[in-house]
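Letters A, B, C, D and E name the chains as they come in the text, with residue numbers starting at 1 for each one.
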Amino acid sequence: MSSGSHHPNLETLAGRIEAGTGVKLAHCYQCGKCAAGCPVGDEMDLPPCQVFRLLQLGFPDLDEKVLRSEGIWLCLACETCSSRCPQEVEIPKVMDFIRGEALKRGIAHPKSKDILSFHRAFLDSIEYTGRLYEVGLVADYKLRSRHMLKDVMLAPKMYIKGKLGLFPHLIKNRSGMKTLFKRTMGKG
Amino acid sequence: MRIGYYPGCSLLGSSREFDESTRAVLTALGVELTEVSDWNCCGASSAHVLNHELSLALPARILALAEQAGITEILAPCAACSNRLLSAQQELAAHPEKIAEIEAAIGMPYKGTAKIVNILEVLGRLKDQIAAKTTKPFAKKVANYYGCLLVRPPRVVNFDRPEDPQSMDLMVKAVGATPVEWPFKTECCGAAFSVTRTDIVAKLSGKLVKDAVKRGADVIVVACPMCHSNLDLRRSEINEYLGEQHGIPAMFITQVIGLALGLDPVALGIQRHMVPVEFKETAAASAQ
Amino acid sequence: MSRIGVFTCHCGENIGATVDCAKVAEMCKHVPGVAHSVDYKYMCSDPGQRMMQEAIKEHNLDGVVVAACSPRMHEPTFRRAVSNAGVNPYMCEMANLREHCSWVHEKNDATTQKAADLIRVLVEKIKHNTPLYPIKVPVTKTAMVVGGGVAGIQVALDIANGGHKVILVEKSPSIGGHMSQLSETFPTLDCSQCILTPRMVEAAQHPNITLMTYSEVEKVDGFIGNFKVTVRKKARKLDEKLCTGCGLCIQKCPNKKISDEFNEGLGTRTAIYVPFPQAVPNRPVIDTLNCTFYKTGKCKVCEKVCPTNAIRFEQEDELVTIDIGAIVLATGFKLMKTEAFPEYGYGKHKDIIDGMQFERLASASGPTAGVMKRPSDGKEPETVVFIACSGSRDRSKGVPYCSKVCCMYTAKHAMLYKHKVHSGKAYVFYMDIRAAGKDYDEFVRRAIEEDDVKYIRGRVSKIYEEDGKLIVKGADTLMGGEPVEIKADMVVLATAVQSNDRSEELAQTLHVSYDTYGFFAEAHPKLRPVETNTGGIFLAGACQAPRDIPESVAQASAAASKVLGLFSQDQLTREPIVAVVNRQAGPTYSYCVGCFLCQTACPYQAIEQEQILARNGEVIKTIARINPGLCQGCGTCVATCRTKAIDLQGFSNEQLYAEIMTL
Amino acid sequence: MEALKQKAKELLQKGDVKAVLGYAVGTGNVRRPHFARTPEQVDRLVLDEKCTQNLATYLTKHEVKHLGKVAVVALPATQRALLQLVAERQLRDDAICLLAMDGTEVKVLPSGAAVEQHLALKTDAMPTADKAMIEKLMAMTREQRWAYWQQELSRCVKCYACRNSCPMCYCEHCTMDCNRPQWVPVASHALGNLEYHMVRAMHLAGRCVECGECGRACPVGIPVHLLTFFAEESTAKQFGQRAGHSTKLDYALSTFKPDDKETFIR
Amino acid sequence: MTESFEPKITAFVCNWCTYAGADLTGTSRINYQSNVRVLRVPCTGRIDFMLLMKAFQKGSDGVIVSGCHPNDCHYTSGNYHARRRWMVYKDLMDFMGVDTNRVTFSWVSAAEGARWAQLVNEVTDNIRNLGPYAEYKALAVAGIE
């Protein structure tokens, strides 16, 4: 008679987070241990516990405050928080999810641009070659981020140390890689 | 011992010496490495940020290739790679309903049977042999730096203990080094912000370098290419941030063992570091 | 041929308005075996009962069906009435015409027919009823209390003062438990030993109390009123009767560097020792794991110096079996150790201690004589951080529950520290302050307002050592998760209260149920809080869940009152609704084939083995026997038995079969 | 075969056992049980694919118990039966001595523990034909199944051959013999037959060692073993406990887990 | 037959939960159909599967078996044993072609008066739709004659 099964409400962000990551926001009881141990906690405008608090209430304006924050882009996924969380909440999974949500809504924090450029350049690199081509990645990142001068001093040194290949490593089955990206990212 | 080998992208480029020293040491110990053919990038540090499906499919392709080659155990020296492979494998084991979609994406069957091991696990099995073959004891004071991805999240990696891990400490002891007691073995170095937020990397890695020196370490030993990049490639930024000049080298555990086994430093890629591997005469060293 | 009387009750309008009671009575007259059938306005009234009793005599009835309300309501009433008229009470059954018929159905013929059906079924049942007699079980009026902490002492004293014998069993060498280790107690800050030791002495000297210290319960047989408990008296290695407790052996023992359990490892003791100066009984024990003689075969200094020659190196454990009527479990708790905290250094930092260690540091009788000195270097700590909820409310540490006492004792600790080190700084990291209790919240406020203890709402993520200080990395969630870093000299973890070691083993020995965390389970969380599901076994104190002293003592007195209630009768009277195993003449002896598949089906471990012996003592057959003292009459074994060798009195196979065959 | 005889003789000669129970050739070239009490009688033993009977059935009989310790030529199902009989305290562990074939080798299994170990290496799959038949029945509509069993059971004459051949039907006083109350009608009519076989299957759920002896024993060819097989499989599937795997009693229907999963209780 | 068919329903209920729950139905004056006849036993653990067979033999068109919810058994575990027995028995009945739609197992607590009424009504309606249990009745008649 009684049904114990629980279905997340997909109308709410909290519900979509639960459906997408398996993390139930209500498990967070605001002890702050995540914020206390976070290596970038003092850099964040919203530390992880605040992110959870704002999302827990389910008010759209508070959700948006989170999605617009810079802090969510600073999460390094170092898993310090989740491995110490007394409630075993997988916080980095939620961070991944809400970054995606912020992008989808087009309200990601302006400072996320650099970080995003890097990740996009990274994935573009492997989409075409199968493996990460570091020189290409950095060049591409510079174009995207317009930080043209960054690290110009480092490259020659690395080249001397034999750490920079001039040509990308291509895998054989590059069409397979294309398919893989197409089926997961939905782009071709 | 025969074992599958997934070097990952960093080991082809910025961390070549990790690849070189891993191959050199394992060959010297009689381990035969079978490289996964036509492997791709695992997507580490970027795929999971942008697309969850992709962060499953990239590692799944590697694991499927390994299965096809009959590999039952894969060594992924890069901590980020081994972490991503394990995460994907466990998620697919917990959600078998996702496998069909992943198989379609990678265009081959996926079973998820190969066991993924990190470099410390493999070296740990060979510890007695390493101790026995040590000809040039590495008589240094060592700050063992494990970083995040080797031990966290504990539910995924299930390796060593999540705080104050011991495996690398035991390993360096086996080759004559003295591990220093320090609290930052698993603090984050800034990882993927190496390129984008060098300021954060300088701050986080700076804390590590400073404390290691303070506690009397001669060298910081790592088992992760990302950690190494931040502690080595980014040293000038670190020193600039700290306003102090720290020349303490950062070495891969495989290099340390290689030196102890008496292998050629060049074959171990020692010369590739930005911070030169040079030691002051220390008490520990002169005692030898 | 049975002579059964049927008495149909109108229950005023309650039945009468819906069911045609007169018609029912008339219909029942024609049921075979019914000798008398009438209807009446109120059967349960005095005239109603009298009428029934007269009818029994007049018509010489041997069974009665009262068709009225629910048997759960008036079965005892009518069975008593029938009994007073000289018919066995179990020859009376009730048909539920009210709750199951008139109140729930329309007024029509079908409802009246149903009423008659319900009666007919029971008439057939009664034809197969047999007179049953209440089971009388003698009661041994001696109680055993397991655990000699404050709860156990209170139970023992209350029962003893009620005039009954008590055996108080304690596993350690002295009674007193955790309370004897405490410095002061909240919320009054009175000295723990000052209030406890008089009770300990009172228990030791009470003529009705026998102390069995350094002893453990090994085995329990029997049932309520009739337990047989085997206690292992561990060898103290001395003759307690000869020993005067002079302490010379302790002074002279050369082995002085053993970590002291009573001082939570913060002090040392000798190999022959009493746990603490006020120990009751004041008799030492030899710790054979650490004693030089047991390790090397040489020493025996204690034997040489003992003025009464009381040392007995060859003494062995002794097993004693005692008849007991009731058992009270008061085995207490343990605290989670600092080793359980990876993020706080796995217990490797000496200056990170648990709450009980702090009690010893603060205690005037402790290793520092109550002077605040941190364990690592004996310096006075200038900054102390207290962390509440250490391991409690922490599912990653396997303890999702609240340990209940930490909020209060952490406030007390901070206060005690501030009273001893006036210039010191005390910080408390907490999640919620749970100070529900008389004068409790006022106490916490006092710590904050008068003793200037800084409360920070947040958990601590990591503690590490740097330059002789402990760096405590926390966050203040009231400031939006702002990281807070405190350089402390000592950190006190209010670690989780857990069930005692081996509590599950003890529960299994006693057939008492326990929860996921090893705490003993009460029979009902609200209405039977000190009883267990096993008759005659009761609970007191923190062995059931985390409890503070006032609660433990209250629960102890409650458990004692239950025991005294049980002991107020010479015999227990139990309903004869129990299972029985069929017996026959030889060569069959019983339908039971002795497969004992029923044994695990019984929730009460009431199924025993019985050997049928030949004259020469040879075992002919082993069959099941139901212990009527333990059986509660559920009948699960009956439905499990293939040979129908077990039957349930009052709900027998024949009775139920007859009922169905009447449908 | 010679190895078996050799072992049997050894056991008898050493006085370890009083008799060896095995198979011999009976009239019409059938295999019948054979008690060999002397080395000479051992020579009549045979063991081939025609030997199917579960000999465990005999060991609980008074007459056999009086013989003293008996070694049994034990097929896998016989081994399971013996373990279950020990678990149900009908045989003493030290009264067991089995002669089991392990490939071509003869093994003496002198205790329950040895049998457990021996059996642990084997997988006991239900005969394919029986499995197929159960599947076929389950694919039918309920009405078809009812009709099938009514048809089959209509031939039952209540001779109790199934019960008597079953190693687990050792009860001296069977439910069928109950007359107060008379749970199951004695006569072999549709109701009595259905009830008899239902009761037997329920009583073997969690206890059936799946030898199929009852089915082979039926003189009118009713596949009654499918009922007990089904009950045993249903039990094993739902609770993970199986009969005849251990000398420790682990009877699914007198144990439970608080989270046993079913779908039909409202 | 179909129009005037009133099913005969037998309920085996435990004393502590469902019987008490049915008492509460009465106390709460919740009306339900009168086809059911309740047999009281101490615990669902007491309910021998043969009682169900006997109920069908005596012409029941439907049977209800009900007791305490898991974890609420007055005898702590009788209902758990009962549940296992039913899990196997239901399978077996189905295998032998007995109509398991006519047997309803349920948990009704002492507090669920309304639920008892609802259960009885639902079962009664359901059995009324299914019609008389002719198959078994034919069997029983053959048996008795």
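Here is the rule we use: a contact is a pair of C-beta atoms (placed from the backbone, for glycine too) under 8 Å apart; a residue touches a chain by one contact, two chains touch by 3 or more.
Since we're looking at a predicted model, the values are computed, not measured.
Farthest chain from subunit E (centres taken as the mean of C-alpha atoms): B. Nearest to the common centre of all protein CA atoms is the CA centroid of chain C.
The interface with the largest number of contacting C-beta pairs joins chains A-B.
Put simply, the C-alpha centre of subunit A and that of subunit B have 22 angstrom between them.
Averaged C-alpha coordinates give centres for subunit B and subunit D that are 60 Å from one another. Here the spacing of subunit A and subunit D, counted between their Cα centres, is 63 Å. Our note on geometry: subunit C versus subunit D, Cα centroid distance of 45 Å, whole angstroms. For subunit C, the set of residues touching two or more other chains reads 343, 462, 601, 640, 653, 657.
The set of subunit E residues touching two or more other chains comprises 49, 54, 77, 81, 85, 106-107. With touch defined as above, residues shared between interfaces to two or more other chains in subunit B number as follows: 162.
On the subunit B side of its complex with subunit A, the touching residues are 9-10, 12-16, 38-41, 43, 45-54, 56-58, 61, 101, 104-107, 148-149, 151-155, 162, 186-188, 190-193, 195-198, 200, 204, 233, 271-274.
Contacts from subunit C toward subunit A in the complex involve residues 343, 389, 393-397, 431, 457-462, 473-477, 480-484. Of all residues in subunit B, those touching subunit C in their complex are 161-164, 183-184, 211.
By the touch criterion given at the top, residues 20, 39-40, 43, 74, 76-80, 82-83, 88, 90, 96-97, 99-100, 103, 114-115, 117-120, 122-123, 125-126, 130-135, 137-138, 141, 145, 150-151, 154, 157-158, 161-165, 169, 171-173, 176-177, 179-181, 183-185 of subunit A touch subunit B in their complex. Here subunit D touches subunit C in the complex through residues 88-90, 170-175, 178, 180-181, 183, 203, 249, 251, 253-255, going by the rule given at the top.
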